[in-house]
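Below is one structure; the comments refer to it alone.
Read from first to last, the chains carry the letters A, B and C; within each, the first residue is number 1.
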Amino acid sequence: MTWYVLEYHLVSYRRVWRASLLSSFVLPLLTMLGFGVGVGAYVTGGVGGVPYLDWMVPGLLASTAMQIAIGDSSWPVLGGFEWQRTYFGQAAAPLRVADILGGNLLFVVFRTLTGSAAFLLTALAFGTLHSWWALAALPIAALVGLSVAAPTFAYAATIRSDSYLAILFRLGVIPMSLFSGVFFPVESLPPPARWLAYASPLWHGADLTRSATLGTAPSWSAPGHLLYLTLWAATGWYLAHRQFTRRLVV
Amino acid sequence: MVTFVLPRLISFEGAARRSASVVERNAATLRSAYWLVMASGFLEPILYLLSIGVGVGSLVGDLTLADGRVVSYAAFVAPAMLASSAMTGALSETTFNFFGKMKFMKLYDGMLATPVRPIEIALGELAWAMIRGNLYAAAFLIIMVAMDLTTPLRALAAWTATILVGLAFGAAGMALSTYMRSWQDFDLVASAQFALFLFSGTFVPATAYPAALRWLVEATPLYRAVDLVRAITTGGLGWTQLIDIAYLLTVVAIGLSVAGRRIEKLLCK
Amino acid sequence: MSLIHARGLVKRFGDFTAVDGIDVDVARGEAFGFLGPNGAGKSSTMRMIGCVSPPTGGVLRILDRDPRREGPAIRARLGVCPQLDNLDLELTVRENLTTYARFFGLPRKVARRRADELLDFVQLTERADSRVEPLSGGMKRRLTIARALVNEPEIVLLDEPTTGLDPQARHLVWERLFRLKQQGVTLVLTTHYMDEAEQLCDRLVVMDGGRIVAEGSPRALIERHSTREVVELRFEAESQEAFAGKLAGVGERLEILPDRILLYVADGDAAVAEVQARALPPASVLVRRSSLEDVFLHLTGRTLVD
């Protein structure tokens, strides 16, 4: 049943995939060029013995995974309840809430994976990958995607106006992408901000991805990272399932 | 500046009053969630300043400008953030929101049944974008002064410069919106905007780019805006800034006249 | 002097001629209607009168002014209720009226007072602080009408004021429009509801294909283009046409529809007697007064336009 829902999302995606190329591939690539290469030239010492570009690319990869995942679970989910009302159509078919939610989440994971794979290839072309472990960046990206997508589903299913999505981006997504060890090490943040950064799923994703592409040990325990991200995904699933049930099963 | 362009476009008493009534309508929508969206808008450039200017700045150290002056990376990035947030603020109001009001909410059809004229709608929306953008700019400049990235007097001068920057992008955005067919076209606008944000001498001096790219960059409106604001906040004003000002003024004039004519064409069929 | 004066008025969009040379005069205090099927050119005419659509040709004077040059001054004295409600969904019901009043330059205090009076007039006082979106279709329509009145206009333009409303809502709108008319406001409306035209209009024109095909009061139009009564006959048969031949000479005109035959006659009962005398027992008989609808269908045809 879950597969039918995934299939539905894949079919609708066929009509719009070109537009999504821009936001999920071209923009990260531009960031890598404009920022990684451009600013990198001015970071003379590199970071921890690694050239700045090589250091920030894995962070950007995790950040791209997060952006795609949140992008695809915010407006589309709100729209599915408030505008196109596709969820109500699905709920009228013999599907369980878990199928509707699961199929949609699988689609988000698919989007995250394809976007990350394209980015990883570009990173390879720029010679920023130091180890075969870089392949592990893909499952990590999928996990990062799930860890932020599931809670975003819950949030988007709760709100009624897209103004609240703008707030999510302003107060959640943008600060997270700026201060979670993507562009500079979180250790240079003052203590309270540093703790916030440690709490964000993106820092865990970025640290894991970085250790994969550079072939170095992560700065925190790898199982710890994985567990923490899973915890976000599981809590998100629980909340999203509860909220979807509230809206769909009346 | 405003008094310099407007009289040629409008020759009707009451036009200012009617444009103001369009602004009033927008002010009346400020409520609950939307209010928070607007208020949080000023956070964005500050976050970028802290992350890139301060965070990445600690890796970069000091920068030597083209004229030999040495400034901290944060002092280099801050004026660019200010200029690009003036751009973003003006564009979001005059492209996305403007298009929605025109095509989907049919808001302007209702307004045009009153004495309000198309050019007055355009000016009203632009004025609204300016008010919003300049509040953000003022807040950002206060932070810059507090972080010792510029002096209060220079901040004041930079504030007037951001008005010009906002007007230029607002007028251009509005003209652009009249050519848009669907929301998908706005993805392109957003991408172009992001590319400008990355490559307009915002994070590294344009001199760092290869010659061809550098010329291209120096011809973009955001580069001119960044150059103007940066020269003011870092205290390096020179003749080049006259080019910046002339460039931005030209954009304002062309944008406004195109927008006024196109809106009339679209709505008064 | 007529408030609206048009001679040979033309509106073209590229190759398409929406309005093809019409002459119209509307006097002060009159309720004037444009009738016609979809695409007849009613809305284009209304937009030209509303000074938001410049005429392509001909003469148009509104309130003795030129809409091409004096649009804002004319619009200041018009009230417009468009075909589709374009209310401001980001504002409350009352704010819709007060901000709209500001577009006319009314002082804030006056705007607020007008808004309250009008909300009372269209019976929306209780919803004053509600958002527009949850309102019913009839409420939105009333609010749009109230908005059109906010500047105390001399002419109110109503484009299909009751299309899509339920019967209760329609009657409420009619009743309010009638009260406006009694107050001396000039009403100009388009409609394709015949009962609406008969209820509200002193005078009307029937438009078809961008031209005026008939003009007069509802009564005069019925007298001129139809008979006093109409007999509707239904026969038990696959085709009504077989019977039509046998009805020759009964009434002034006969129309064959797939499911019934219409006889246009001066005296319905006499016609029915004649039909029965010819030993043609119909399955059902209905004698009714001729209506504007008969005129309309006679003049513009029964074929669907879109």
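Methods note: a residue touches a chain if its C-beta (ideal position, glycine included) is under 8 Å from a C-beta of that chain, and two chains touch if they have at least 3 such contacts.
Predicted model, so just to flag it, every value in this text is computed and none were measured.
A.B. asks: Look at all chain centres (mean of CA atoms) and spot the one farthest from the centre of chain B.
C.D. replies: C
A.B. asks: Quick check for you: compute each chain's CA centroid and the global CA centroid, then name the chain with the smallest gap between them.
C.D. replies: Per-chain C-alpha centroids compared to the overall one single out B.
A.B. asks: Counting only Cα atoms for the centres, state how far chain B is from chain C in Å.
C.D. replies: Chain centroid spacing, chain B to chain C, equals 47 Å.
A.B. asks: Starting from the mean Cα coordinates of chain A and chain C, work out the distance between those two points in Å.
C.D. replies: 56
A.B. asks: Could you give the separation in Å between the centres of chain A and chain B, each centre being the mean of its C-alpha atoms?
C.D. replies: 30
A.B. asks: Give the residues of chain B touching no fewer than two other chains, as numbers and ranges.
C.D. replies: If we look for residues of chain B contacting two or more partner chains, we find 34.
A.B. asks: Give every residue of chain B touching chain C within the complex, in rising order.
C.D. replies: Checking each residue of chain B against chain C gives 12, 14, 17-18, 21-22, 24-25, 28-29, 34, 105-107, 109-117, 267-269.
A.B. asks: Which part of chain A faces chain B closely enough to touch in the complex?
C.D. replies: Residues of chain A touching chain B: 19, 22-23, 26-27, 30-31, 33-35, 38-39, 41-45, 47, 52, 161, 163-164, 166-167, 170-171, 174-175, 178-179, 183-184, 188-189.
A.B. asks: Which bits of chain C are touching chain B when the two form their complex?
C.D. replies: 13, 47, 50, 52-54, 71-73, 75-76, 78, 80, 82, 84, 86-91, 95, 98-100, 102-105, 147-148, 151
A.B. asks: Write out the stretch or stretches of chain B touching chain A in their complex.
C.D. replies: 32-34, 36-37, 40-41, 43-44, 47-48, 50-52, 55-56, 58-61, 63, 73, 184, 187-188, 190-191, 194-195, 198-199, 203-204, 208-209
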